[in-house]
Each structure stands twice: as structure tokens, then as C-alpha cells.
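Several structures are given next for inspection.
In the two complexes that follow, chain A is the common piece, with chain B as its partner first and chain C second.
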Partner chain A sequence: MPTIRLNLLNCIWAIMMKDGLCEFRTRYAVSALFMFALISLASISMSIGAASLPADLTAALLWVLLFFCAMAGLSRVFVQEEESGTIIALQLYGSGQAVLFGKLLFNIIMLLALTMLIIPLFILFLNVDIYHWSIFIVVLILGDIGIAAASTITAAMVAKTQGKNALFTVLTFPILLPQFLSSISATAKILMNVKPDISDILFMAAYNVVLMIASSIVFDYLWYD
Partner chain B sequence: MYRDISVKLVDVSKSIGTRVLFTGINLVVNAGQCLVITGPNGSGKSTLLKIIAGLNQPTTGAIQIISNNKQFDAEERRACLGLISPEIILYADLTGRENILFFTRLRKIRCNEHQIEGYCQKVGLAIDKDQLVRTYSTGMRQRLKLALMLAMQPLLWLLDEPSSNLDADGKRLIAQMISNGLEQNAAIIIATNEPWEAEHADYKIELA
Partner chain C sequence: MKLILLLWIMGVIYAVFYIVPPAEGLGELVRIAFFHIPVAWVSVLAFLLSAGWSVQYLRTRDIQYDWKSSAAASLGLLFCLLATISGAVFAKLTWGAYWNWDPRQTSIFILLLIYGAYLVLRSSIQEEKERARISAVYALLSFLTVPFLVFIIPRFYFSLHPEPVINSAGKLEMDTIMIYVLLAAVGACTALFWQCFNYMVLNKQKSA
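Up next, the complex of A and B:
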């Protein structure tokens, strides 16, 4: 039999690439995410005109925007599998952990790509000055990973339920709240030309790790039962 | 590699709500043997296959897959079986070739382009393997599932109405695949009402 045993990382990569290829061909999630971001930013910009918003409000706007973009598109990784019926083949042939981390990786990449598109528009439309770029990028990456991790596990939870869209947001928000508040706080400090405390950054990183470990433990029950 | 696999059903029953699909199923299928499950629509043939595949839980009883006196856990069970069923739906936004590549990678089997070409050739999809599955007819999708089964080379084959949507040529292909599978010592369980598929049976059970 012409086989070479591949490891878990290869399976994770295969799932991420499969989701990427399907997304590239259909653009279901990308369209939803990007259009939501563009319309929201344009609306806010037109509403406030030339006025300058306080830093904490601007930071909150950025993260609320990223959160609702995630709510608009990231649940598709599991909902699409359920709705198209492909989830049975995936359950049969894929290991739970590979599926979870493959889809998590895909969501992280999607959200980071979206963030890269949003940030220039955000700076342009809201006339924002970023003072500590390197720390700002770290905060964005950690915040995005947190949103993607919370979205991925709740998407798996709600995929088989009725009213999955409403339930997705309702379940994701409390899971994400501590991370969300830290992201807003750190971003607000950066916009005020104050470096965030290292403890803020460490909390965000630790929360992501805890979230991923908890997801990994819970996911096998969701996937196989 | 495990080659002496056997599937043992111990007092398996399944009820959905108040409706009893089947009760007290006890049987053993060894490597190189074929079990055919027949019965009218709604009798639970497909459900029994899904229970054996681990996609559904029995109401009572247990499924044991044993090799070298070692009972497989859930992960090992899934890794040793292949299922062809109307409920298995492949990715419409991938090509036939990409579907085979993806699922074999999930099974941690490396398939090269030449091998995929060969499997597609065997099932009559050589020309269409690079087309998106959404453009396939139902018969072509069934053939793609057969190609996937060939690529996986599982020890336990679960075939739920395998010739559905296939033309005469496709049915001959199924018959040939089953014969080859048995020669290669696979354990095969077929849910069908087609008399010609039942000809392969070493044992038959009929669900009421």
C-alpha cells in the first residue's frame, strides 16, 4: 500500500488549505467580512465628519468593528460544513484536534488579513495617529487570535442548532469579554501615546492560550458525541 | 498494519423515540468476509452502518473492532474503515482530485498525483478529475466516492447502497471492487436491496 504516515500538523495544514481554497473559490466569508467593515467604517466616518473622537472611544470602535466582522463571517467554518452535509465525511476521516486547529488557523488568517485591510481605512477615515506601531501590531495580533479562538469553538457549538447566527454572537461575547476589554484598553493607551503595561500584553497572550487549551478539551465532546 | 480485523456486534439495538429500528443484533464479520444487510426502507440498514462507523450511537449494545486480540478505540476504529453512503457528501468547491488528496491527507495517507490519476482512471473519472465536484452528476459523485475508497484502502468497508445512481458499467465496477477487497482480506458490510450485490455475501441479515 503506497502510504506514508503524516503527522497532525499536516492534517491541520490540509484542513486550513481546504478551507482557504473553498473560500477563495466562493468568497462567502471574505465578502461578508470586508463589506461589513467597509460600510461600518464609512458610516462612522460620515457621522463624525471632521470631529476627532477620544482615544478610548476610537479604540472601542476598532474592536467592536473587528468583533462584529468576526460575527459576520467566522462561524462559516463549521456552519458551512453542517449546511452542505460535508461534516459527516470530515467527522469520519478527520481527527477532532486536526479539524479544530485547522479551522482555527484559517479563522486567524482571515481575521489578520481583514485587520490589515481595516487598519489603513481606520486611520484614514477616523484621522487616527498610532504612536507605538510595534506594540499596536502585537495587540492586534493577540486580539485577533482571541476573537478567532472564541469564534471557532462557539461556531462548533452552534453549528447543529436552530437560530445559530444569534446564538453564535450571544455565546461568543461572554467568552471573549476579558480579552476584548484588554484589547480596547491597550489600544486606547497606544492611541494616547502611552505604552501599555507588559502585564496587559501578557494577559492577552495567556488568555489566548487558555482559550485554545479549553477549546481543545471541549471540542472532542462536541465533535464525536 | 492490521490484517486480521474482525467486527463484532454485541446485542446492538437502536430506537428513535418510541420507534424500535432493530434489537439484539449479534454477529461477527472477519477479514475476507462479506455481510449483507437487507430490509425495507426505514428498517435501519443505513443507521446500523453509521453505528458501526461510529457516526451514531446504539441504544444498547456495543461494536467491537478487534485485531490481534486488541480492541480498537474510537480513533483507531475510524482510521480503519471506509464508508460509501448517500450521506457522505464531498466538497462541491473542490475538484475530484482535490477531494481525494484532502481526505487521504486527513487519513494521514500520502497519495501522489500518479496514484490519484490511477484511482480516477479505474472509476472512469480520469477526464473529469480536475473539474469542480459541483459540476458532477450524481453518478460521477458516486464514482468519486469509489475512487476515494480505493485511495484509502480501508480494512473495513461499509457500503450503503453502493450502486445507487450508477449505470451498468458502474455496477460492474462495484462488483469488481468488492471481489478485490475480499481478496485483499478486507471485511465488507453492505446494506442493499440489490440481489446482485447480495451475491457476494458470506452472511446475510434481514432487518424487518
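Up next, the complex of A and C:
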């Protein structure tokens, strides 16, 4: 047993680094996720051909793409622990809050990396003009944090169930919906060369905070039997 | 008790078809509302009750609350389906289309999604305690999104749905007979829900 007691921030960092290291060794989730993103993007681009899409439809496509990419990979943080049987060790060593926020941080970083890959390709394939880059980036970051926050807590739920992957999408969508709708509308405004209201951005940020606080409150019930 | 309920429902049905006058603009179609409004009310009530019993379960770990939460959610899904279908028929007859993502339609659809997700989650966990714990957490989390949706949805979709019966001015804009019949119908529907609910919980207690 380690005799040094780490504080919460160090614990969160340690959990995140552990997940990062495991991921770096196998590179399973990252490569699967990136290939999934590439294929869904290519399928969209091929199926619409040279037709130009209206801005609101493009925004909706972008977020549907990001959502399903997240659904393909983000449940892994808990599902993999359950499948390899390491979850009991983690329950012994890590406090619930550290595990939740460590995994959340890891998911946020994964999703942001994925977004950084998707966005240039999306602009390239679909011939999109982005008018307000700085606001666009803020919207993307807030939307990604929202997707990661909603899917980390549902990943902890589906880890114990049968049929994990299908269930993961079903459970995450209703929880994510307010954030999802507001990211689509903010992105559509940006693509139409209209600056989104500050209230739209604030709503997204507030929803992220509420989602994280709520997951932090209920997570202990999931983590400790 | 069952007999009283049966008579009550028969009375309400009689009143809806023979006593309520045809409404201005809607004509005979207004009679659907006496089915639609009570059913929609019960589907929201069941959702509240289910979330409430989930909190109780997490606090006390008494499996009885889990049964109650699950029974309320299953009945809620049924009433929610009925509300969606009757609403869609009403929409077809008055607005000309079964479905157009009106804010009310969107919110009832999300309620359907949440009920569906909750019940699928329940059916996919074998162990009883684990199932109770995880589904209670999900019921709470999904309950959290409701106030946000109430705020966000009307901003994106334009509504044709009439104001709720008691509108923002707090004034009742209905015929007095209609109000009484509607209240009786809401009461009957809630009582029917409660009867089925008790029956389901009792069944569960017997088999346990």
C-alpha cells in the first residue's frame, strides 16, 4: 500500500495519465476512433457529392458526426476496466471523484484531438466557410466538453450492463440533448456569418458545469456498492 | 373501489360525448382534448414520481422504492405513447400534419426517449441491487435535463400548440362545463394510473 496520500488534483492527474499510458500502449481506441471519424466523414462527403449544403444542415451534420464518433469510442474508459477486471483495483486505490474527473479529463482530451482532426477535413470535403474562428473554437470546445461530460457518467453506467455499445448511445442522447441543440444552432449561426449571442455561449458553459456537478454527486452511488 | 373508478370513467366518457358543447374553431374535435390532456398530465406525473422514488431508493436502499420507480416508469411510457399518438392525430386534424416538431411534440418525444432508455437500461442488468442503483442514477440524471429543455426548446421551434389550460395570465379561458369535465377526466386518468400502479407494485411484492 502506498503510504503517501495524494491530494485530489494529483489523483485526477494520475488517473488521466494511467488511461493515457494504457491507450498509448495499445492505441486501440485512438485508431478505431480516428478511422471511424474518417469513414463517417467520407460517407457524408461522398453521398452528397458536389451539392452545396445550406449552413444549418452543415452544422447539424458536423455535430451528428462528432456525436456518433464520441459514441463509438468514449465508453471505453469504464468498459475496458470492467472487461479486463481492473475495476476492483481501481475501486480500492482511487477515490470515486478522482476516477470520475480523471476519466472525464481523458475523454475531453480524446474528443478535442478528434475534433482537431475532423474540422480541417470537414472544411476541405464539404467546402465550408468559417466566418468567426475564435467563437467557432469556443463553441467546439464547449460542445466537446459537454459530450465528454455526458458520456463519461453514462459510460460508468453501461459498464455493468449487457449490450454496452448500443445502450451507451441510447442513454447518452437524452442527457446531451440541450447541449446538442444549442451547439448546432450556434454553429449554424457562425456558418451563416452571424455572431452567436453571448447568452448561447453562456448557456452551453452553464450546462457543462451543471452536468459535471450532477455527475460528481451521483457518481459515488455508482462507484461504491 | 374498482367499481367506483369504472363508473367515474364511464361518467366522464358520457360527459365528453353528450354534455360538452363543440368548441369555437375546433368543433367536435375538441373531444380528443379530453383524452389527450389527462393522458399527457399522467405521463409527466409518472416521470416526476419515478425520479422521486429513485432519490428515495438511493437514500434508503429499500428495494420497494425501486419497484415503485420501475412501475411508475413503465406505466408512464404507456401513457406517454397514448399522449403522443392522440396529439399526433389531433395535430393532423387541426394543423394538417401528424408531426412537425412543435415544441410540445419535441418535449413529449424526449420524454418518450428517456422512458425508453430507462426501461432498456433496466432490462439489460441482471443483478437486482445493481439494476436498482444504476437505473435510479439514470432517472435522476435525465430528470436534470428537463428544466433546460423547457428553456431551450421554445427558442428553436415555433409553436402552434395552444396555451396550457391555465395560461401565463392565470386566467381560465374555457367554458365552465368544459373545465369541470376536464378536471373530472384528469382525476379519472390519475386514479386509473394509481390503480394500475398499485396493482403492479402489489404483484411485485407477492412474487418477491
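Just so it is clear, the second predicted complex is superposed on the first by the 220 of 225 C-alpha atoms of A that agree within 3 Å, B and C clash if a C-alpha of one lies under 4 Å from a C-alpha of the other, contacts with A are read in each partner's own complex, and residues count from 1 in each chain.
Going forward, a residue touches a chain if its C-beta (ideal position, glycine included) is under 8 Å from a C-beta of that chain, and two chains touch if they have at least 3 such contacts.
Predicted model, so just to flag it, every value in this text is computed and none were measured.
> Which partner does A:161 reach: the first (chain B), the second (chain C), both, or neither?
So A:161 only meets chain C here.
> Applying the document's definition of touch, where does A:43 land relative to chain B and chain C: first, second, both, or neither?
Neither: A:43 stays clear of chain B and chain C.
> Once chain A of both complexes is superposed, is A:18 in touch with chain B (first), chain C (second), both, or neither?
A:18: touches chain B, not chain C.
> Applying the touch criterion given at the start, work out whether A:174 contacts chain B, chain C, both or neither, answering first, second, both or neither.
second
> A:89 contacts which: chain B (first), chain C (second), both, neither?
Once the two structures are laid over each other on A, A:89 reaches chain B alone.
> If we count contacts the way the header does, which residues on chain A are in touch with chain B in the complex?
Going through chain A, the ones touching chain B are 1-7, 10-11, 14-15, 18, 21-22, 25-26, 84-86, 88-95, 98, 224.
> Would you pull the chain A residues touching chain C in the complex into a rising list?
153-154, 157, 160-163, 167, 170-171, 173-175, 177-178, 181-182, 185, 203, 207, 210-211, 214-215, 218, 221-222, 225
> Which residues of chain B touch chain A in their complex?
1, 53-55, 74-75, 78, 81, 83, 87-94, 98, 102-103, 105-112, 115, 132, 152-153
> Name, in rising order, each residue of chain C that touches chain A in their complex.
Interface residues on the chain C side: 58, 110, 113-114, 116-117, 120-121, 124-126, 129-130, 133-134, 136-138, 140-142, 144-145, 148-149, 151-153, 155-156.
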